[in-house]
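Given below, in the form of structure tokens, are the structures.
Shared chain: subunit A. Partners: subunit B in the first complex, subunit C in the second.
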Partner chain A sequence: MVLVSLHDVRFTYAFTERPALDGVTLELEPGLLHGVVGMNASGKSTLCALIRGVVPHFHEGTLEGDVQVLGRDLSDWDPADLSQTIGCVFDNPFTQISGIKDTVFEEIAIGLENLGVPREAMIQRVKEVVERLGLQALIRKNPNELSGGQRQKVAFASIIAMDTDFIVIDEPTSQLDPEASEEIFGVIDQLRRHGKSVVLVEHKIDLLARYADSIVVMKEGRVVMHGPTRDVLTSDALLDANVPPPEVTALARDLADAGKELPFMPITRSEAYQAISRRMEGRPRGHHTA
Partner chain B sequence: MAIILREAGYTYPDGSEAVRSVDLHVDDGERLALVGQNGAGKTTTVKMMNGLLKPTRGEVLVDGSMTRGRTTASIAKTVGYVFQNPDDQVFNRDVRTELEFMPRYHGWDERKRAERVERAAALAGISDHLDTNPKDLPFATRKFVAIAAVLVGECGYVILDEPTAGLDVVGLSLLNRMIDQLEADGVAVVTITHDMRFVVESFSRVVAMADGNVVADGGCAEVFSDDAVLAEARIKRPEVAQLARDLGLSSTALTIRDVAPLIP
Partner chain C sequence: MSADQDRGGAAIRAEDFIDGFRRPATQGNRVRDMNPISVFLVLGSLAVIAVAVPGIVAPSTVCVVLVLISLAGGVGRSFIGNFSRLFVAIGLLLFVLRSAFAGGTPVLFTIGAITVSMEGVLEGLRFALVVMAISGTVTLYFALIPIKYSMLALELKGVTPRATYVLLAAFQAITDLGKNARVIMDAQKARGIETEGNFVQRVRAFVPVLAPVFLSAIAATEEKAIALDARAFNSRVNHSHLVTLRPTPAWEVVFVAIAILCAVVACAGAVVPWY
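== the complex of A and B ==
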């Protein structure tokens, strides 16, 4: 079964003129990590909202074209069922936190509570997630008093706790330090290894290069490229969409422009190490670090 | 003229000690990036610089006068602070009114007010949105509204808290142009950021914090070549800087511009 299938989809938010999605055709396979990149206002968040049914069920507007989620037409889904089937982390952690819970522990449990999970099982599940994400120091705090980065981790935790097979995540690391960003990507990678399907909007292209199976590039409401991560990150379509390639890929492009072509186009640091080592006759003076 | 922190520390009312003892000197027109983990004390430190928080130990001086005993509003005329989340800062019904808030507080006449608003809007790339409700703008544009609302006050120091979060390549280049212009105008820019590529490409001085203390303060090449500092502050080098080091090419090359010529 195809995870998500869109055919010539247009969506225009109510009271606006320009479509946020403008003729999107896209098929996403299950069990993979699909990265979504593009400039601000290119349609990434609307795509996420559509997959999750938030558009057009919550944010109203005009929807045209065919949208199928997990083999069912979007209009046939009950919004409540969809919200229990697809976990969703929004891009703004300041709005995702419910504001009605007194402690982080309860906040992480909120999705499970809505699903009617028995109390003991719920507590056990929250404890596991807290440990997995290293949130032990926060569990007694009031969610409204957390920093941006802490809120982002808590919002992520509450979705992970729901343990859905399909998760849509909109910029989970925008407020996080590099170490915490790596941790979040580590957890997302684990989800994928356990067969979960993930759609992930992310600006941190160096991390997508390491973890994503495929990348969707969006520009002005359209999908301008979708394919395996390597093909997309080394393509000109990425640059045309004003999305910077991974830093090591940009370095390789600069080297090629200066007549110093590498044997292959790297997208990660370890690949760049190998490519440059080969160019330097396989005799690097240092060693690669993780 | 300078912002000076002398053994400045801050303990929140709940007893958590966010900043232990910080000595820091920010001069006119300099560019300084404050880096470190979430919870290292960066935001508390900059909030002491503009008087949002008064040190509970030590002292903070802005252009020679202690912040303790002064109102935040009076210090904000000199030290502008752009919040991490624009929605914590932007509250007016349209962008123009938002940008006029500080000029009105300064008591500037209408002509000066209009001039300053136009200049700040142009600098932040939001001239086309002056009559729009900020809530109708995308997050990244709201960030520039928040920045413009501070620039309009013509402070001597501007603090940017995580300015690159949520910005794309166009937003980033606009931000860099703006920082260049601020430097040209003699304004000091202090930024908090997790984006190390932004640090090495746009800032000359970097201050690393860990556990409420400053653990390094120096040029980018100096700080990013020190493994012990990076481990303590739990920060990483930009990808190409780490690559140059792994390849044994250089321990001080930090950007693509530095590294490319080193590869034969």
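== the complex of A and C ==
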């Protein structure tokens, strides 16, 4: 069964003229980590909202085309069922906190309470998520008094705790430092390894290069490319969408432009190390130029 | 203490904290650990008695009882402080206004058009004491019982989570609006706009802040609703609760029954005078 299937989808928010999504055709396979990249206002968040059913169920507008989520037409989904089937982390950490819980531990458990999970199972699951995300130091704190980055981690944790098979994540690391971003990606990678399907909007392309199975590139509401991560990140379509490639890919491109092409186009640092090493092997000792 | 010992201690404390959710919530005080609905009924009964029983003895007694309950509940210092301020700010004002304009006999003294009588003084005193007793019960309730436990008790009695969320979020919104207003005021100050000084200057600085504060709150409400939906808030299964209240003991039931009985007798006495 296809995870998400969009065919010629066009969505225009109420009271606006320009469509946020325009002629989007896309198929996402289950069990993979799909990255979504694009400039600001390219339609990434709207794509996530559509997959999750937030549009048109919450945000009103005109939806045209065919949208299938987990084999069912989006209009056939009950919003309450969608919330139990697809986990969703939004990009604004300041509106992700319920505002009604006194401690982070309780905040992470709120989704489980809503799903009617028995108390002991709830405690165990929250404990596990707290440990996985390294939130032990925060569990007693009031979620309303956390920093943006801490809120983002807590919001992420509360969705992870719900243990849905399909998770849509919109810029989960926008307020996090590099170390915390790595931790979040580590958890997302674990989810994928456990067979979960993840759609992830992210600007940190170097991290997507390491973890994503496929990448969707968006520009002005359209999908300009979708394919395996390597194919997308080494393609010109990425540059045409004004999305900077991974730093090592950009370096390899610059080297190629300077006539010093690497044996293959790297997308991660480890690949870059291999590519440069391989090229260096063909050079006499003490020769420092690549 | 070594870093390992420190980490070990923190882990044990965290485990204790988590283990606390396996037991009924406690505030470490027998009065405050009463079921919020029981506290509401007892305090409500006291307010009814203060209103129903004529004269100044009942509302005065109720005010004293409220202070005693606050002391027993371990919130005496904050409650007595707040209650005293209420007495001075509102009680005194109500007493003076009521006494001045109630009329009656015998006349004690006259200042211009205002004639103060003994009847007026007694009526003013009763009115002020009744209002103080009622406001005291409300103040004491919120001093004794955290709002989240009140809502939890209501949910356990069948009130929908949606209704309790609205109430809880409304209380939190007051705090959030205050915080946002302070942030905007600080930003204004950083831009060189005068936000301090006399009352008029402060009002002039504060009024323009209201629009962005409320508009941002409205915008955030929609996003919060969606974030809540993402956490299955609208699911149709019965919600479970991480925090639980302790079962109501027999003594508490008896205590509440006596309080309600007293209130009923006081009301009956108001209809069929028994004094």
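The criterion applied here is as follows: the second predicted complex is superposed on the first by the 281 of 290 C-alpha atoms of A that agree within 3 Å, B and C clash if a C-alpha of one lies under 4 Å from a C-alpha of the other, contacts with A are read in each partner's own complex, and residues count from 1 in each chain.
In the analysis below, a residue touches a chain if its C-beta (ideal position, glycine included) is under 8 Å from a C-beta of that chain, and two chains touch if they have at least 3 such contacts.
Computed from a prediction, not measured in an experiment: that's the story for all the values here.
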First, second, both or neither for A:A180, with subunit B first and subunit C second: first
First, second, both or neither for A:P56, with subunit B first and subunit C second: neither
Touching partner for A:P245 - first (subunit B), second (subunit C), both, neither: neither
Subunit B versus subunit C as contact partner of A:M280, first or second or both or neither: first
Residues on subunit A lying within both footprints (that of subunit B and that of subunit C): 92, 94
Touch list for subunit A against partner subunit B, complex: 38-41, 91-92, 94, 147-150, 171, 174-181, 203, 206, 242-244, 246-248, 250-251, 254-255, 258, 260, 269, 272-273, 276-277, 279-280, 284-289
Subunit A residues within the subunit C interface of the complex: 52, 54, 58, 79-80, 83-84, 87-90, 92, 94-102, 105-106, 109-120, 122-123, 126-127, 136-137, 139-140, 144, 155, 158-159, 162
Subunit B to subunit A touching residues, read off their complex: 36-39, 43, 84-85, 87-88, 138-141, 162, 165-171, 194, 196-197, 234-236, 238-240, 242-243, 245-249, 256, 259-260, 263-264
Of subunit C, residues touching subunit A in the complex: 10-11, 14, 17-18, 21-22, 146, 148, 161, 165, 168-169, 172-173, 175-176, 220, 222-244
